[in-house]
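What follows is a short report on a single structure.
So that you can tell them apart, the chains are marked A, B, C and D in the order they are listed, and the count of residues begins at 1 in each.
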């Protein structure tokens, strides 16, 4: 029993990373209407930003803020320099451009930081034990960090005027434009939020694992799966789906084998698209 | 020097087959296939297993590569064609990653991560003549593919797939099922990728799963986006540019030794990214011409 | 960087001349060309540039000693990108454009397996540092032109088993990175371990690039092993050990030296790495040749020589090749190939540098080059069997307790 | 051919865009559907032709329930629609647009394409002859080889009608064929419709231009907020108070 509880806890922590990155994807997908393949590399950037901030200040919180700022900056720059110019083009054009942007980010980080791994220098601690089940303090901190990032995002989305406008654009872009919502301001707010969320996801992934220029790309497929699973454009859905996917990956692997763990995200995605194309909470349909 | 040039031409010709498949799928029909390398991989492994392990004649491996890659596209098509464009892209990307995981995991068949060495050469012998013979076979295959491609483009079928790219709803309203056409296009493009994979396996002589990562797909995308989407000449010119770019960086380092090779790898992928962005922004029709005019 | 236009143009001009001028026949004094084909980028990048730099440095050393067999050496560096396709084209370029007679320093097995047909066809020597057993035998080594300066993964596994027995472990489990090298290590271990009548209680093969390995780890720990034998690399080992430490389990670990290295200690800290066993083919550390190599490595990379075992191997490749040329007194590949075992294997005066070997050969003696990477005795397949150093990590230092021979 | 729809309903969230609409139409007939903006007319077309799945009701063609068929099969049965905003194949020329619309082409089969080239050439020239007739009929000769994306709005409407005709339909559903078309062209299109109607092809036409439509249609159906509020002969229907109120609003 303790074995399974431990797996579930591990899955929840992985799920937070997937959920946060899926949240970034779903925000962009819902409002700017294209799958942003640069999300993975924005995560990497966030991880490096946090790493540098942590090394300079010695504080993970300061590091996280720097990382989030770096992610937000790249999000906004990407919008201003690339995605805004392509607003009237097909979503394929946007998708291809986002892949290009991702590659450029990865290249820049490769040149700047090298290809060998970096790690967050954090003290390792032995776990607390709750009965049979070991609880790792670091997991709690990561969950707390993820939780506060989520609170900020949902606070912005549901409690502020700009958030209300963002949701209006997500519901109906044309209608929102007619009712006098400035698309530029909404879009900049969107990219700040999406970039920062991806960066925080990258930081958590970096703390859990190691930081290297390729790390974000490897996490992209599960993130897309979770965004689709949760329902494109649904922030709650993305997070819930991320958690489910994380737990499913950990719990299922003793059965399906470890090498197929990564394929699981893809299988879940296919299944969802076939059975319920709008995902758990979504409005947009993936099927035609 | 000649033999090196021939080697580059051989690799280019292998990639042109891939580009032609994607041109058919994306350029003409509008299918965003991000899993091209998956079909390439299936073709390469089919040829490798049948010739190196089963010891069957090379031609059997080639046929199997074409057929199996085509067949693999069929279920993916059935499932994915119900999806919107961008979802289709993600699903196909996931497909190619799954193919890679399967060839990694099914050790009895594929020898897993150790890969399959000792795949026989297409033409026995040493030196430039045998390389030229391989190139000749490849050029013949390319010629046949281009001939078939042009026949298709000029046919009612070609007219219909371009109509589908322009407006799928209108096609349905006229009583034709777009899915039927798209699935055929997907299978055709996949079969071409399979053929390309067979050539690749017999030329490199060794296949392992890590050769078939998604970067290959994006290289092909870069080629057709640079060359000109939807045009045969675009596929060829774009692929040639891609090779010039990938191989040129080798010589660039001979000429500019102060760029470290490690940075070179980053610069290479950064340049791929920059090319994708710039072409999307400023020249969506590619080098070879106008998206609106076919042929 | 302060490169003015003039020097750059000069550099460009001479490099172009080097690249584009075909070899000018066999005129006396024309250099003997070798290719330094290393994994400068891609998965092998932590080692590749060091390997390449040591080839270039060793070439300078040979040339400073007056060249080999009456010829100077000239090296052409290139990058495999750790992928077979790029490596094949690079090898083609080296063989066809640069007219090299030997290719040195291919690293990953995939790359070596893809390059070896080309070197065989062109009758060019290939010296690699790959682990895959397939490289030893035909078709890969059909012409006997390929030499391996690294222990096979299988031999690593056998060394692991020796160590596990010596340390008195009973319940061993394995975890392997899903690639040829990782699985080679653990299957080699399993074979040798079971041959000693013991059982492997759990085996896990994992995929790289995951955000967590906890499920894998839990499965292994559930079997209650007393030691876990790894076939792994640095990033995944970092993550796995961190998660292991945080579970609070108290298992012992045997890890290959390229994963359990100072970088791992830096990443995880003293407490988590205390007591890990790191195993590496012993660079021939007490030999004078290692000291030469170490000094040279320190000079060209700024790192201690022990930080990159593959760089020691590529250094040895050049010295071995040069000594064989000297013994053959010829630039003919077949003649050189015939002399490689003669200058490397026992029954001969032990020599530790090219200059000494050259002098001994000139004095008409037989020689046995003792390399920096190992004693370098090639078996019938062109493989070496180095000794393995067993390092225990204590207080953040890799401390060598003993050496096992297999 | 006879089309019968019963109780067709389609809701988006709580909003009922089409609410229990029933009527009939048949070959040789000409039915008009009118109503203010947002009354649900185009949605109704999409329900009939299968482009939208509704929440209830049936569509019957000659007594067969076709409610579950996908759009292309309904079109193949002889019931073909146009769109409010023309959906031309923008990169193809007018001629190619029309060629593409011809039904049952064996050149669309890859196997035949390579094995029976002569048969396909014959077929193509037969289709080309029909296309020439259609171009002449619609007076599109001047733009026959222009990419259709470059046509004017009115020309696109004509092209869509032409494409529909190429499929040899029995029942044509036209969605605002006169919108954005100049009065001269409207008369021309009306003329075509009358001619085709006289040949036995049925029409259902959505239109704002009441003048043109009431001169064409044998029967009018009036929709308002998803419901059918009146049906009957044009002159009579347009006099009803609720129609005037819904359609003309306060202006009446």
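Definition applied: a residue touches a chain if its C-beta (ideal position, glycine included) is under 8 Å from a C-beta of that chain, and two chains touch if they have at least 3 such contacts.
What you see is a predicted model; the values in this text were computed from it and never measured.
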Most centrally placed chain, judged by C-alpha centres: B
Centroid distance [mean C-alpha coordinates] between chain C and chain A, Å: 39
CA centroid of chain A to CA centroid of chain D, Å: 46
Chain centre separation (chain B, chain C; CA means) in Å: 34
Contacts with two or more other chains, residues of chain C listed in rising order: 41, 45, 178, 207
Contacts with 2+ other chains: residues of chain B: 101, 104, 262, 265
Numbers and ranges of chain D residues touching at least 2 other chains: none
Which pairs of chains touch, using the document's own definition: A-B, A-C, B-C, B-D
Touch list for chain A against partner chain C, complex: 3, 6-7, 10, 13-14, 17-18, 115-117, 119, 121, 123-127, 129, 134, 136, 138, 205, 208-210, 212, 214-215, 218-219, 249-251, 253-254, 258-259, 261-262
In the complex with chain A, residue positions of chain C that touch it: 41, 45-46, 178, 204-207, 209-212, 214-216, 218-219, 222, 234-235, 238-239, 242, 245-248, 263, 266-269, 271-272
Residues of chain B that touch chain A when the two form their complex: 30, 32, 79, 82-87, 89-91, 93-95, 97-98, 101-102, 104-105, 218, 221, 225, 262-263, 265-277, 280-281, 284
Touch list for chain D against partner chain B, complex: 49, 51, 70-73, 75-76, 80-83, 87-92, 96-97, 99-101, 103, 105, 107-110, 113-114, 120, 124, 147, 149, 163-164, 166-167
Partner chain D, residues of chain B touching it in the complex: 148, 151-152, 155-157, 159-160, 162-163, 165-167, 169-178, 181, 184, 188, 291-294
